[in-house]
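Two complexes are shown next, each including subunit A; its partner changes from subunit B in the first to subunit C in the second.
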Partner chain A sequence: MTAAAQIPAYRIERSTRASRLALVGFVVAVVALLSLPLWDGEDDLGSIVEICYMLALAQCWNLLAGYAGLVSVGQQAFVGIGGYALFAFTILLGVPPIPAVVLAGIAAAVLAFPTALIVFRLRGAYFAIGTWVVAEVFRGVMGQIRALGTGTGMSLPVAISRAVAESRAGREIVLYYTGLAIGIGTVLMVFFWLRSRQGLALTAIRDSETAAGSVGVNNERTKLAVYLIAALATGMIGALIYLEKLRISPDAAFDVIDWTADVIFIVVIGGIGSIEGPFLGALVFFGLRYLLADYGAWYMILLGATAVVIMLRAPRGLWGLLADRFDIQLFPVHRRVRLR
Partner chain B sequence: MDWINAIIQGALIGGLYALFAAGLSLMFGVMRLVNIAHGDLIVLASYLALVVVETLGLSPFVSLAIVVPAMFVLGYALQRGLLNFTLGGDILPPLLVTFGLSIIIQNALLEGFSADDQKLQVGGFETASIQITDQLAIGWFPAAIFLTAVVVIALLELLLYRTALGRAFRATSDDPDTAKLYGVRNQHVFALATGISLAVISIAAVFLAVRTTFDPASGPARLIFAFEAVIIGGLGSLWGTLAGGVVLGVAQAIGAQLNPGWETLAGHVAFLVVLVIRPRGLFPKLAD
Partner chain C sequence: MAPILRLEHVAKSFGALKVIDDLSLAVEAGEALGILGPNGAGKTTLFNLVTGDLRVDAGAIEFDGRDVTALPAHARCRLGIGRTYQIPHPFGAMSVFENVLAGAAFGAGRREAECYDRCIELLVLTDLTRKANQPAGSLTLLERKRLELARALATAPKLLLLDEIAGGLTDSECQALIETVQAVHASGVSIVWIEHIVHALIAVVGRLFVINFGQKLAEGDPRAVMNSPQVQEVYMGIEAE
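== the complex of A and B ==
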């Protein structure tokens, strides 16, 4: 009996029927969104941009916390840096707004490197609070810079918003496509990252750090790469947010509730550790906000309570429940061995 | 002389940060739980004191007789009813559940008390001072804060190293499963640890509410000060935590002297410097 005879015939599957259907759905959705200004007018563009950037922030946080085990409570640092970098590049250096969004992402990644050297000395929950302290430091420092309006903040000069497009409607269209590009781009970035060698290493780390290390994964380097790429994307998202808001202040740009707490709730409710989760979480988040718009603080209390219950009862979120029940995966990042 | 006054003042206020930190440190030590809602529970204790002071007309210091036991009971119930279910191998559940709790407490306080600044009044005591020389004076109130911190930390040390409960704390900290074999009721011990932690922080919460204003969103800053004092002092050492609180208080005082806007920033910078130079803190004890 030869060794070959003992191994049954097999193939390695990546896509499934559900994922092929999902791909069709994804393409249809993207086409619909791209053509939206043609058939739906301009009323909904602002809301869709907001959904795009919250989803993108959620995907970034999920990559950090759900895969790399880096539970950061300080991602607002990179939203704020991105926003401020946009203002600095356009106002002080005269860079056109859209290229400035990209440069803002790079600035966030550059600052993320020394940040990582410090906060990576802390583990687990202490890492979480450490990232928060660093965000507070960036907030404090930005509040001292006179050219960027100190603690009271500043507005983007009209000339610069004109540089995006002459008319208000034109500006909305440009921001809409930039928002879509960042939203879709972030999802694709996370998807292809997880399918790559890096992603395999990351999934191994998620399942067991010790085991990942013993099969040759360089844990620290893999985590650092994820931290930097998340900062890059988060910085670009921050720049987009403040290109839309037109006004920035340290307290708003480095706000832990808007840019981290809401994002964490989206990921936890939707399902941490999957690409599908943040989509579902964003649906719940914006749905609840629409329904409870008039209840202010109660909305946040309900959101917090929902996240607590989900974490205790279904730690992999709503998507985890669905995926277990129906055995589906819409974004094929796993590998599965099928015996013939 | 302004400088010396400010630094002494800062060192004494550091006692408060040490008490916040001792609460955080106790919970982490006994059950490896880092409570993100720690700061919001501190603010909750301040509001509780405010309600007691306003409804019963007591002095804030007398209100401690009600606030401290109430927070102990709340801590016990919180641990038994919620936080015990988050413990296990994974770091995500405790972290995210306490994070959710933090947002819930902040918004509940906002709903109940509005976003207005609040402060507890103690008459002239908070500004009275002992004149040492012509220019050097130590406030009675900061001195009382520091003395209280030293006494509370000494009592915690006695509790941890001289009592049966302290032995149970240390045993579950070392190995919860083995502790169970020897008859330690872990769930109950964890709940007592959280109860004691909240009792300790509520003392500091009342003192701080006399010294500075607070509002429903003050919690995160309190959590960060507690955390910084723990890391500066070194994990697992209560006296180290006191040193950490003092270092933080002095750094903030120096920052405030340089520029009023730099007070908290200077504290953060001191924390980052310690983290870079001595990642395990000034007086480390725990390996974890």
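== the complex of A and C ==
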């Protein structure tokens, strides 16, 4: 531009007062969780691991559907692949269990690449159905592999769970810290991604794919990156789940309700397209499950009713409602201009 | 001078409807070209073909001496084609500043912190400084149009495609817009401007190109084109005697 316009003095801020407070809260929570086995014994560890992996699955799905516009209902493919890869690496190749969890994530990401070549040809609802079909194909294939127990599945040999830790209590501690690492790691990964330059691209795609392309954002490559990273994390989570469950079968490992529908519930209720949403959604999901644990089928009915009411009253979820009213962000991914 | 943009026998149909029909067009480097035509003539489709939002059915598009016919939109943007949308497409939940930043960071291919000064400068230019932290979705239509301009300029285009950005402005706002576009042009950016506000167009462009039914109707000096009988008839709805 000729005659450079007068630029006022300015400063770009990332953090807000709410986000600084949230950081303190986050650190306190992490310290409390890390020290939990010391002061709370071992009774709650399993529940916290479950919350961690559901939260991590929700963050991954949110990245896919909430940002990249990839509404997948086939993420159970990568939970199942991760779980089976854990069994294959430990039983068939003799890899120690914890490194096998990481390798299982890599295996899921590797298989996600050819999957992407197929499902990325589809758009919208067709993409959603395509991902589900691919997950069913993986389920069918896993059921054919004799070394992994065919359709009836198999148990992890005692020697391998012993390789995690000798005692049952020791195993729970190791699994607890692995679960924490995956949960916190996923949240931090999503946070730093969204905060970065690439996060700007991803947020732009969320808001308008057309306009994102017109300002030079490579939509397809960004989406592929999201899909592969989500598969990596989901595969690791799947491996962790089945390291804890000790028994795997195709029907359980590729279950669309457990590994995708519940996760979608968490994200949609909490607030799609924000990093805070899945936290709130996980709170609601586990809160409802705890309160309604004794009511059998009523639990599913109330879960569904909650989803319908929130979708009607707050299409951007509970976090959308709060963020609109109070203009807050707990994870400082935005940029604010302060003129001086 | 060599053309910065050249369309060779470009065609595009939506179903049975030929929207662009064997159209050829060249824009010289440093030129400002105005595009006129009645509603539905294919003007916006023409832009979408140039930017890669749509693919041509036939023909070739050359930009800056390079065949870009097969390139996706983001690659054409990075080569230097910037555009505004007639119906604004803001990144609604991102702040106004972040909208412009996305253009500067990806279109101009720079690190984020290197773009801040330019983004603030563009917010000043388009009078959006006070709205910098607001979600772009909360802007009024006219503000959204200014944001379209700021975001397109942030991509550091060699060729800027403007799609009806003057509609709905008051006289003084329109005058300010004309001066802004003139300044952009004077800085060496080639411009193609679709606009119904003819006096604004003529204040900036040196040549007019009139489209009707996806074909060239007339081309040349703005006043001569506006006074030509076929343009009078088709565009102004006046019967030529």
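Everything that follows uses one rule, which is that the second predicted complex is superposed on the first by the 331 of 340 C-alpha atoms of A that agree within 3 Å, B and C clash if a C-alpha of one lies under 4 Å from a C-alpha of the other, contacts with A are read in each partner's own complex, and residues count from 1 in each chain.
Everything below uses one rule, namely that a contact is a pair of C-beta atoms (placed from the backbone, for glycine too) under 8 Å apart; a residue touches a chain by one contact, two chains touch by 3 or more.
All values reported here derive from a predicted model rather than from experimental measurement.
Trainee: Quick one: name whichever of subunit B and subunit C touches more residues of subunit A.
Mentor: Touched residues of subunit A are more numerous for B.
Trainee: First (subunit B), second (subunit C), both or neither: which does A:E50 touch?
Mentor: The answer is neither, since A:E50 touches no partner chain.
Trainee: Under the stated touch criterion, which partner chain does A:N218 make contact with: subunit B (first), subunit C (second), both, or neither?
Mentor: A:N218 contacts subunit C only, not subunit B.
Trainee: Given the touch rule stated above, what does A:T203 touch, subunit B (first), subunit C (second), both, or neither?
Mentor: second
Trainee: In their shared complex, at which residues does subunit C touch subunit A?
Mentor: Contacts found on subunit C: 51-53, 72-75, 77-78, 83, 85, 89-95, 97-98, 101-103, 105-109, 111-112, 116-117, 120-121, 123-125, 129, 132-133, 151-155, 183-184, 186-187.
Trainee: Give every residue of subunit A touching subunit B within the complex, in rising order.
Mentor: Spelled out, the residues of subunit A in touch with subunit B are 65, 69, 71, 73, 118, 121-126, 128-130, 132-134, 136-137, 140-141, 143-144, 151, 256-257, 261, 264-265, 268, 272, 296-298, 300-301, 303-305, 307-308, 311-312, 315.
Trainee: Provide the residue numbers of subunit B that touch subunit A in the complex, in ascending order.
Mentor: Residues in contact with subunit A: 34, 36, 82, 85-86, 90-97, 99-104, 106-108, 110-111, 220, 223-224, 227-228, 231, 261-262, 264-265, 268-269, 271-272, 275-276, 279, 288.
Trainee: In the complex, go through subunit A and note every residue touching subunit C.
Mentor: 1-8, 10, 12, 197, 200-201, 203-204, 206-208, 210-220, 273, 334-337, 339
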